[in-house]
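For reference, the structure I am asking about is given below.
Note that the chains are named A, B, C and D in the order they appear, and that numbering of residues resets to 1 at the start of each chain.
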Amino acid sequence: MTNNELKDHITQGQPSAVFDETGEWLNVQVEAGEWKAFANWLRHDALQMDYLFCLTCIDWPQTKHLMMVYHFTSTTFRHNVVIKVKLDRNNAEIETVSDIWRTAEFHEREVYDLFGVRFLHHPDLRRLILTDDFEGHPLKKDFEDPVNMIKL
Amino acid sequence: MFSLEHITNSIQQWLYSTFSPTMALILECAIVMLLVIGLFATLGLVLVLMERKVAARMQIRLGPNRVGPKGILQTTADTLKLMMKEGLTPNGADKFLFNLAPFIVMIAAMLILAPIAFAKGFQIWDINIGVLYVSAVSSVSVIGILMAGWASNNKYSLLGAMRSGAQIVSYELSAGLSIISIVVLSGSLQISEIVASQQTGWWLFRGHIPAIISFVIFIIAVTAETNRAPFDLAEAESELTAGFHTEYSGMKFALLFLAEYINIFIVCAIGATLFLGGWMPLHIGNWEGFNHTMDYVPSSVWFMGKTFFLIFLIMWFRWTFPRLRIDQLLSLEWKYLLPISMFNLLLITLIAIMGWHF
Amino acid sequence: MYRETQIIEADNKADGDDLVINVGPQHPATHGVLHLVIRLQGETIQKVEPHLGYIHRSIEKMCESLSYRQFIYVTSRMDYLSAHINNHACAMCVEKALQLEVPPRARVIRVLMDELTRIASHELWWGAMAMDLGAFTPFFYAFRERETINDIMEETCGARLTMNYMVPGGVMYDLHPNFQQRVKNFIQLFNNKIDEYDDLVTGNIIFQNRTKGVGVLTKEDAISFGCTGPVGRASGVSCDIRKLYPYEVYDKVSFDEIIEMGGDSFSRYLVRIKELRQSIRIIEQLIDNIPEGDIQAKTKAVLKLPKGEFYSRAETARGELGVYIVSEGGTTPYRIKFRSPGFSNLSALDHISRGSKIGDLMAIMGTLDLVIPDIDR
Amino acid sequence: MAFLKEYISDVYRAVASLLKGMKTTGSYFIRPKEIITQQYPDNRAQMKLPERFRGEVVMAHDDNNEHACTGCTACELACPNATIKIVTKFDTTPEGKKKKALDTFVYHLELCTMCNLCVEACPTSAIKMAQTFEHSVYDRNQLLKKLNKPGSKIRAGVE
């Protein structure tokens, strides 16, 4: 499916989606509140995006937001799409998709650990890599750790 | 001709002629104890070195080769190291049982040594129920292992000990059945008579295919009974780190380790006695010339040769096969070995009654 | 800074019969510092909970302060068994952003190195997995062949494990004059020895019983868990990046994507063993057809990526590696995300090992081929 | 009867597969020339590492105690770990002009990952990778090295 066809499909499923075609794949930006329903639609409807191959987050301190980035592929149709969800940097909350794509369970825990994004209704939202009593979220741009980080 | 029988007899005569009978008996006991402990120490050193060398050759490497010429002092060095190490007792452990367990395992191994005939007339105690005694005492070591696993207060140790218990209890059945098949053929429980009955040929060859089957089953069962790979579930390094002896260190570990090798030696000695004629040289029917030539090789060499051949076989298993899973281990015993050995015993009984063996 | 190991005690919710065991972080079968908390009922596994982070170096954060030439070397330390392929994926991402044309000779060299790495990685996996199942000898046989590859790597790339041979625009050095001959010798050695592998492990009845029907991962679950590489392909998912999104010269060589339908540990084993032969096939096709020419495209001394987001994928020995670079137009990446195959494969561990025995857990972990630095990054 | 036949063939196949494995290991047991162990510290004399092997960074000096380093700090910039620190000084050339030159080439071996980026970056090929690999010392400070030899100067003609 070409990007234009994908765009048509997605507009039907999510009329408020914002598109960006500068990258290799079609970028779609949706609102955090609409994300869960849209994710369900992506997985189960015509597009069949069953393979979530990358889930990550980007910190943008200047514009005070965190950007969740989901990379999807459909193993039946072999088309790719990138979904972005903008979150408030100080109060980052988003619905989990771990019930739709099981791999998200670990990836979301990792993002929670390193960025502090809270995933609502996640079955087991704990720190994955750092200890439970660790303070701060290391991949945020303003994270400082004078003990463990060596400034070159 | 060199013979251990003459030496032991002359020592005994000298003792009885010099001291009173009671004193002579006590002295004899002391000598025997010293000999047994000496034998254990040497066997431990030799077998560990042999294991490492055999493993190395099979794994296309050299093995220990730095301590002493060709590495023969390696195990001595290891023993020294273990002796100097601190013997830790974990805080939550049952101290008494924890410290007792290695000795029970070791003493059980020592006890089985009594009826084994090392050479012609060279035997500690020719008890008339020798084979029964061996199979009875060999089950004592499982108590030591269970004790070690339970007293360590370690979950890995406990799992290893429980596995070991299930394993040894089950495999004793088929080991016992294959021992019985030789008892049936030779008509005696006494080790010396079993050896004597193989004057004209070893039971392995004389008992047709059923004897070979019971030999194979015996080897499999004793491999399992001594917790050797592929049945080393009690230790299962990659699963339970070290199983029942996870918490042991220093000399206590050395005792458990030594007992393992002594047990291998003993079961192989019994296998050699029952199936390969013990110290009896290779005799074939009534080829007088051939049999006479074979008699020139000392009987102790025959015994050791056969035993070490079986030990090598068991080592060969260890360095070739992956480990079984606990349920597969038990199903191998109860679904395959036990029915086969029972049926086999029936065949052997038939052979013995009809006198079909050679 | 010293950090105490978290020992997870049985919580109050647990049934009194449950036994909670910490497997790792120091355990012979976890190949590194993976910490699994397993809940047992007898010997049957109720739950497996991985605890990560023992060697997390935050490579993603480190890369944010390294230039586009420098960050590649760090990725060798992720999945250290497919160091070349990690470097390759990063180099490809930079090339994609700069729209660099890699010279044909460098492309072929890269593919040759990738496949040699894949063989070396699978060799090590084979030995280590056999060791997990209690057979010690295969490890040494596997290392004999792997050592040959390492020697070849050492001669051409200058290091045995963390080569740092791929640079943006090509490769660092030209091939060593002995390279072709040594690779051919290796192929000969390998073809002689691979039958031993079947005799020793594949055909062995104990091994088959230990792995068949153990840790079954269905196709749907494999996709949902994002399992790629041999793990995904053993469950019937076609996920070989070399076939789906061919890079370098993978579209010009003929090889098969190995797919097994079983989904159990034995299928995962078979996929890797068959992949060894496919890698040999690729190398055989390329080794005599290395085009002459440059080994590096002309690049500026300081690389500056245009503003934007770039994603490249490569097939490592463990599965799909994704490199996601967000650039703000500077000399260092704004954000880098490595989508590591091991991380997703590990997430399926709990799901597939429930209800099996402790011994099965080792078989499952062995065939998942976990490399902990790849998971922890 | 079919059950019995299956049972026996099961046992037969199992035993055959086990014997096959034993044949493999047994055949290695009787062929000691397949042993591949290298006796490492004893074979130092014969051991030859390939010339590309990356052991540590060294600076090549010729017979006149001259090196090719101009002190341009390209290697320092290329290094991802701050392994290299270059201290420069100002020499006066015969014409009386001041010229930047190398004073000390400080190399932290303990930080080095042998990535070869410094050698690649060097415009005058002043540094290269040596094949030494036995770097263990008792004190970490001994790993801090000064690569230019005392009294060495830049080779004439190197810019």
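Here is the rule we use: contacts are C-beta pairs under 8 Å (C-beta built on N, C-alpha and C of every residue); 3 or more make two chains touch, one makes a residue touch a chain.
What you are looking at is a predicted structure, and each value in this text was computed from that prediction instead of being measured.
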item	value
Most distant chain from chain A by Cα centroid	B
Distance from the mean Cα position of chain D to that of chain A, given in whole angstrom	41
Whole-Å gap between the CA centroids of chain C and chain D	24
Centre distance in Å when chain B and chain C are each reduced to the mean of their C-alpha atoms	45
Separation of chain B from chain D, taking each centre as the mean of its C-alpha atoms, in whole Å	51
Residues of chain B engaged with two or more neighbouring chains	58-61, 319-321
Chain A: positions in contact with at least two other chains	152
Shared interface positions of chain D, touching two or more other chains	18, 21, 24-25, 36
Arrangement of touching chains [line / ring / star / complete / other]	other
Every chain pair in contact, whichever chains are involved	A-C, B-C, B-D, C-D
Footprint of chain A on chain C - complex, ascending	1, 3, 6, 52-53, 56, 58, 60-61, 65, 96, 221, 223-226, 228, 237-239, 244, 308-311, 320, 322, 324, 326, 334-335, 337, 339, 343-344, 346-348, 351, 376
Of chain C, residues touching chain D in the complex	66-67, 69-71, 73-74, 137, 144, 147, 154-159, 162, 164, 167, 172-173, 176, 196, 199-201, 203-206, 301
Residues of chain B defined as touching chain C within the complex	55, 58-61, 155-156, 159, 229-230, 232-233, 236-241, 319-328
Chain A to chain C touching residues, read off their complex	22-25, 27, 50-54, 56, 58-59, 69, 71, 75, 78, 82, 101-103, 105-107, 110, 128-132, 138-139, 147-148, 152
Of chain C, residues touching chain B in the complex	19, 21, 27-29, 43, 130-137, 139-141, 144, 200-201, 204, 206-207, 209-210, 357-362
